[in-house]
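A, B and C label the chains in the order they appear, each numbered from 1.
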Amino acid sequence: MSPGEIAQLVVNGLVAGTVLAVPAIGFTAIYAVLRFPNFTVASHATIGAFAGYVVNTMLGWSAGAAVVVAFLVAGAAGVVNDHVVLRPLRPAGALTTAIGAVALTIVLENVIRFIFGNDLRGYDLPIRRDWRWGPLRIGPQQVENLVIAVVAMTAVFVFLASTRTGKAMRAVADDPTLANLKGIDPERVARLTNFGAMGLAGVGGMLLGLDTSIDPLTGFRVILSVFAAAVVGGLGSIPGAVVGALTIGVAEELSLVSLAPAYRSAVGFVAILLVLTLRPRGLLGERAY
Amino acid sequence: MTAQTHISRRMVLTGAAAVAAAGLVPPRTWAQPAPIKLGTLTPLTGAGGSYGPSMRRAMEYVAGEINAAGGVLGRQIQLVSEDDQTSPEAAVRAARKLIDVDRVVAIMGTWASAVTTAVAPLCWESKTFLTTVSGSDTITQLPHQGYLIRTQPNTHLQIGKLADFLISMKARRVFVLSAQTPFALPSQRRLTELLPKGGGEVVGAVIYDKDKATFRSEIDQALRAKPDMIYLNGYTPDCTVLLKELYKAGYTGGKVSQGYAVNQKLLDSMPAEVSDGTYAASPSPAVESAGYKRLAKFLGASDLDPYSCQCHDHISLVALAIARAKGEATGTAVRDTVRKISQGPGVKVDSAVEGLKLLAQGKEINFEGASGPCDFTDIGDILDCQIKFEQAKGGKLVFVKMI
Amino acid sequence: MENYLIAMATFGCLYALLALGLNLVWGMTGMINLGLVGFFAFGAYVSALATKRAGGPMVLGVAGALVLTAGAGAVMALVTARLRGDYLAIITLGFSEVVRITASNEIWLTNGTDGISGIPGPWRGRVTPEVFNLIFLVLAAAVVAVALAVLQRVRHSPYGRVLRAIRDDDQVAAVAGKHVLRFKVEAFALSAGILGVAGALWGHYTSFIAPDVFVPLITIYVVLALTAGGTGNNWGAVVGAFLVVFFMEVTRFATGWLPSLKPVQIAAVRELSIGASLLVVLRFRPTGLLPERIPRMEVP
């Protein structure tokens, strides 16, 4: 492959990675605060994508407004789902909750399928030609996705660093018992974390679909890459999720040099294996597992 | 001490299951002679979902006409319909049910080549007759012992005509983008073999998994080969994404696809400038035949898709074969008699009702269908077919030529 | 109709094998395998290719499936044995997806998404379909019986006690001098072998396999079967499997009573009910119908 083609892959990878970072942050945040891998990130990504689709195609809202709706709807769904389904399972342990999350993700995915059917759907947005610089081409939609993802991530960082609630979340993630002693209500923090994390998953799902199309399997297709991003960066670490996502995004694209496009998800799988075998804490993780 | 009868939970559950299963057996009606059960297995959903419902309606139409005229030798036709979801896996389960539970004489209308390939062994092993609209060469080459016929031109025929068309359009560098199907490789190979005869060549080919939402890398690969014509050898959902991505990538060369992929539904789902210029090839039904005209009137459409026409012919052929076999309603009987009513020196008929009448009078018939003459080779292929080429202009398909 | 019931009973046997396999690693050894459908697929492809492509006899295909899938299980266990439960869940789920992607992509080997059709079955084509189905049911039931006997033996043996000890607290087991890794790998390999045999039998029975058959939903069916039947209990695994097959087929007929739904909606309702059932069982009766009875040692 020529250097120009490789550069194109890196560009695609950085864009894909930035979009991947959004749900990865959500996943890792839930792991940090609630201590179990929440597979329902997949179905909430799909919920967000379809929520945005509905307001975009039926109400004619712009992509930006639809993304906000995706966040709110997925976030609300996340809170309800956790409260009704997953919270009662938590006393039985992380593994049972994780399995419950897999079952729940199948339920939610099929609710979407029930309402919308299996067909691929596209957002009602103008189809614009890619921009070109020399051998590189990048789509205007890709750039928009990049911007939205960066804005979302910045908001998360600011929230966690400066607001009181954000600091409370970090405290619970760090040491729940101590946080409780200090008067922080773990249930409230759990609710907020679910809202934010699943909202981010919903935004991620929509961003994935903006450039291409969506169907009930949208979230499921990326779940392995989301795990990989979170694990590579260090489960529980939000900056880690960002670094992990960029790494996975670029790695998946570069794999095209020698592998067929179908094997992209396999890259995520191999990455998880490598990290868990060689450096279980991930790149930025502080906890030893 | 008497032994305790311990009714375990397990026993209760198995007992309940047995009772429930028994309750699912339908009661028999003793009033009339037993109906002839025919199964329809069409893509009501999935990639072929644009055609399945209308294919089924075409078969319901013929069944209705036959039943109104007294049925086949006094027996009414009962259609049992299932959705193959354009998925081999779902189709196999549905076919199992049609064969084992409903005990149909024939399964009609399978559309996707992968579906037909999966269902065929179940049919020939249970001696159920299978009629299909799938085109892949590999299908009639299966060891089906005669239990399979198809009314669609096979890949060999289709690609032959496509090559003629591309040569006539002066395409020099053709890139083939195929979805994974049984006909992907045969199409590629045949095109590679035929194009050089007209000064063209296949400059590259990619086979992709059609269940993805984006094909960016496949498009990149295609464009690197600098083609002047891209053959989109897939189905509607993936071709929709491919056309959009080709547009975004700024590709200005030619595009050609099959009519079952680039159809009105696809054109309606995108702005005209994205689809403009795409050629589409479809087998042409026998638009002049009375059968076609009657079907068009019933379905309320002036321009019928080839599959509904073929399904109209499927059920007509099966019904006529059963009648010719003196009412023996089995897959084996249909296999042995279908060519006696589909081709040969008999009186030409274009409707099943008319054919049944003549058969009752002891005459031989030759059924000419709405999709074409319906004459089959020994392995179940049709002999020849006209292919219609159209081009997308302003969101509509415009006729270009017939080959 | 009898043919249909026999077919359902056969599927029940195949799911029972899957549940028994899962019980060995999860119920008895405490290692979750959310990728069991990947081993199922692996065994199916090995046997299908051995019999259809290479023309070997079915016995060889099934034996090959047993051995090769067990090998794959051993490799998987070696790589992941030290991982904590929920990490193992992620990795094993990923494994099954990678198997599916490979099967879809390596067309030269697996025929890709079109699948492998016409897989030979015992005396298929030489007897009527009714007789074939009956023969196969007997065969499948026999295999289940053998697997059950083997696993019950394991459970009641000192070997089984070590596995249970590892399940309950593997650090204690290690301190007690047990080579934990070796036990885990062996259990995983045996389990994978059973899953592989189930896959091989599936292919020979249905005569058709394709990547789309081996979806994560099947893993959920099996987890449901085991959880509902009773995790840790081999009989529970078998009972749970038949319950799940019964439930799946009842929903197929039940949705016939809701004629206003489109087929895709019916399919969605059926899948949804499986997931929902698992959630209900996890929540309200996680020990299942036939809870594990820890075998008591005889006190002399």
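What we mean here is this: contacts are C-beta pairs under 8 Å (C-beta built on N, C-alpha and C of every residue); 3 or more make two chains touch, one makes a residue touch a chain.
All figures in this text were calculated on a predicted structure; none of them were measured in a lab.
Greatest centre-to-centre distance from chain A is found for B, with centres as Cα means.
Note on interfaces B-C and A-B: more C-beta pairs are in contact across B-C. Remark: chain A and chain C have CA centroids separated by 31 Å (rounded to whole angstrom).
Centroid to centroid, with C-alpha atoms defining each point, chain B and chain C lie 35 Å apart.
Chain A and chain B have Cα centroids separated by 40 Å. Residue positions 104-105, 262, 264, 267 of chain C are each in touch with at least two other chains.
Of all residues in chain A, those that touch two or more other chains are 117-118, 262.
Shown for chain B are the residues in touch with two or more other chains, namely 45, 209, 211.
Those residues of chain B lying in contact with chain C across their complex are 9-10, 13-14, 17, 20-21, 24-25, 44-45, 83, 85, 87-90, 92, 96-97, 99-101, 113-114, 117-118, 120-122, 125-126, 142-143, 180-182, 185, 207, 209-211.
Residue ranges of chain B in contact with chain A, taken from their complex: 45-46, 49, 208-209, 211-218, 220, 224, 237, 240-241, 244, 247-250, 269-271, 274. Every residue of chain C that touches chain A in the complex is listed here, in rising order: 32, 34, 79-80, 83-87, 89-91, 93-95, 97-98, 101-102, 104-105, 216-217, 220, 223-224, 262, 264-265, 267-269, 271-272, 274-276, 278-279, 282-283, 286. Contacts from chain C toward chain B in the complex involve residues 1, 3-5, 7, 104-105, 107, 112-115, 117-118, 124-125, 129, 206-208, 210, 212-213, 239, 242-243, 246, 250, 253, 262-264, 267, 289-290.
Of all the residues in chain A, the ones that touch chain B in their complex are 5, 8, 12, 117-120, 122, 126-130, 132, 137, 139, 208-209, 211-215, 217-218, 221, 256, 261-262.
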